[in-house]
Amino acid sequence: MLDLAVCRQLRDFELSVNLTVKPGEFLILTGDNGAGKSTLLNMVAGFLTPDHGYIRANGKTIFDAASGITIPPEERQIGYVFQNSAIFPHLTVAENIAYGLRARGMDKSVRDRKVAGLIERLKLVQLMDYKANKLSGGQMQLVALGRAIAIDPVLLLLDEPYRALDSTVYPIVKDCIQDIVQSSDIPCILVTHQVSDKEPANSRICRIQEGKVVEPFTFCHTKVNRSSNIDHHD
Amino acid sequence: MTPNFRISKSLALAVAVISIGLVAAYLALPILALFFHSNPEMFISSLMEPKVTDALVLSLTTSTIAMIIIVIVGTPAAYFHSRLDYPGKSIVDILIDLPLVLPPAVAGLALLLMYGRMGMFGQYLHLFGIDIAFTIIAVIMAQIFVASPFYLRQAKALFGQLDPTYEQTARSLGASPLFVFATIVLPLTFEGLLSGLVMTFARALGEFGATIMVAGNLPGVTQTMPLAIYGAMQGDFDVAITISILLVLISFGIMAIISILTKRRGLLA
Amino acid sequence: MFYSILTYEINDIMRFQKRNLVISVTICIILCIALTFAGCTSSTPAPVTTTPAPRSIVTTSLSTPIITAVPTTQAAPKTLIAFTAASLTGASDKIGPAFSNTSPGTTVKFNLDGTQVLKQQIEQGANADVFISASNTYTNGLKSEGYLINSTVKNLTSNYIIVIIPAGNPGNIQSLADLGTPGKRIAMGTPEVPVGVNTRQVINKLTNSTYNKTWQENLNKNLKTLETTEPGVVTKVTLGEVDAGFVYESSYKAAKEGTLSAITIPVKDNVLQIYTIGILNRTADKVAAQNFEDFMLSAAGQKILSDFGFRPSGS
């Protein structure tokens, strides 16, 4: 469960968003370029600090302006896939996926087993020892996803995962994402321009414009309480 | 093709050959002159002279220490400088470039006036019994001053060009900033940093103007190879040529080693 | 489009003209190598012949012509180049204008450096008219190698060695004996520069006459730097970076009030350096060069030297 209400002054406007995402559920975030979507993701991941508000993920408060809590990004256990997938070019596919586990000091044999399992699941077995420059856009996205879920994240953030993909690979990646989120039962915020007419049942769409939520106004809106108390809502 | 077209093609070819030939000849011939002026017997016998061995050991030692200090202090400095926006950042940019355009003699005089026994800062050090001018420390300080821009500018540029999403992704996966630096930033910038390092070492090795000002010129203590050449030229020409040839060989050696190292990495990469 | 045509055509042309190209480039390389070899048959180049090199004429402006006793040539403006021992740096600022006054239309440019450097430069073919030397050895060397017009080599001035101390005496040097106290900082010339040669002779004399080997060893251990010119030693002392330095008397006498103090060295232990002046064989204007030499030897020139602390050459 992701529960946040944050606001931050940006260059041209103020970003002010209040939303919840249930486990196994997608929040599809759309809006014009520069509306603040990526900024919001960065705040959830911990690369940017909001001016006011709070962020709670999986029952744990990872940010609270009032009490001064700010957990660093490496401790938030959040899976983040950037637009460009950011596959580490000097590591192989297997090493990429293993990276988070290595950073957390996981034993090599345990690590290797887990990584092998993920590689099989993502159908990347033949590419195991390849480096980024030999992969296609779709393959890179799958590796990035595998890398992100290897750490058993409490929440998944995807910034335009379909952007660099052609029409043949797009459904493969989309299905993979759906499968991951449902089987891991974690909330997922997905930023995209490509909103199809028929999104799966476990997704809700939220539009942002100039930092403010423009629709809908139920699970996601713009009002952020700047006072000292934590604001709970549905 | 009309005949005119053909003529301008051969003209282009001629210009290419001549200009490249000129560049190569201009750079190679003086070096060759050094070698032609010497012979193996003369070289080997001069090599044994304390003037030469003292200078060689001193030069290599000080340049290496200077290089190590530059890397240890300069790498984090360049990294944070490229990642953060802090007040005075543009001034630091200018300062980093300054030793490149400043005549080394000016640098030497400035260092003397600052760290010499009567210097602005040096006078306080003197009270504690610490004297920097005319010691090996002064040699290293002069080398650091003139050579550091070569590494700092290179490191700055490399870190600046590195896509921050790599580091951010690594952080989100659970890597501490230090782990990220060691496993992501360094490997991706390694070759560039190495070439910056080579230039830095070479510049430190060849430093003359600042050294002779602030470190003095004492054989065995502060007389580096360039200073020894200058002194030897005034007395023993053969020794001067020998030291010069040594420096050329060292330079080629460094470049060869680095080129081998980076090629090997390239194959593994 | 031009570029792609260019590369295509180059391949064509290279097939046809490759042979000619290879031949001409090879000839170029052979010529270059031959040139290099031609220049290095021995380590000391052969003496220069007396054919004067072409010179550029520098125009000088002189408002009023001055009538002097020194014979002058006709009005074509000229520049003389004087390779001069560095200890005359201060004096050269006065000598230049004074000479131009007596010899309207002629200016003197001074190349000031250690005499050992100047000798090397002359041997390597540098252009000079007059050589003012602080070393008999180097002068005699050039004479025997044929670079100087030997008949023109005359004694110019002389100088003793002195020990100078910076203002405030930071090293608390009270006597020559203190130079041998461990922990002092001393500057002197390199073994090649004339002031350095003389300094070492003086120290040897002092060791034998007054002090002992321990004093000499300690003094040598106290050395912080060996300078390649005499003014270099003066600067290190003046800046207070060393406690004492061995320089020429003239530098002390000409120093600004209060910047230096000195300890004299007894004459019996001292070395009187005789400076010489001479005209180079390769000078393009022997008459003008002779005028300059005459001026330096005249009362006017000698007065300038004396003002800067130099002794007459006779003493």
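By letter and in written order, the chains are A, B and C; residue numbering begins at 1 in each of them.
The rule we apply is simple: a contact is a pair of C-beta atoms (placed from the backbone, for glycine too) under 8 Å apart; a residue touches a chain by one contact, two chains touch by 3 or more.
The shown structure was predicted, so the numbers you read here are calculated from the model rather than taken from an experiment.
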* To do: Mind having a look at which chain is the central one, using mean CA positions?
  => B
* To do: With chain centres defined as mean CA positions, report which chain is farthest from chain A.
  => C
* To do: Just give me the whole-number Å value for how far the CA centre of chain A lies from that of chain C.
  => 75
* To do: Go ahead and note the Å separation of the Cα centroids belonging to chain B and chain C.
  => 32
* **Averaged-CA centre spacing for the pair chain B and chain A, given as whole angstrom** => 45
* **chain B to chain A touching residues, read off their complex** => 163, 165-166, 168-177, 179, 183-184, 187-188, 269
* To do: Over in the complex, which chain C residues touch chain B? Could you list them?
  => 5-6, 9-10, 12-14, 17, 21, 25, 28, 32, 36-37, 39-40, 43, 114, 116-117, 120, 170, 185, 187, 190-193, 223-228, 236, 239-242
* **Residue ranges of chain A in contact with chain B within the complex** => 45-47, 72-80, 82, 84, 86, 88-90, 99-100, 102-104, 131, 144, 147-148, 150-151
* Taking the complex as given, what residues does chain B use to touch chain C? -> 1, 5-6, 9-10, 12-13, 17, 21, 25, 29, 32-33, 36-37, 112, 116-118, 131, 133-134, 216-219, 222, 230-231, 233-235, 237-238
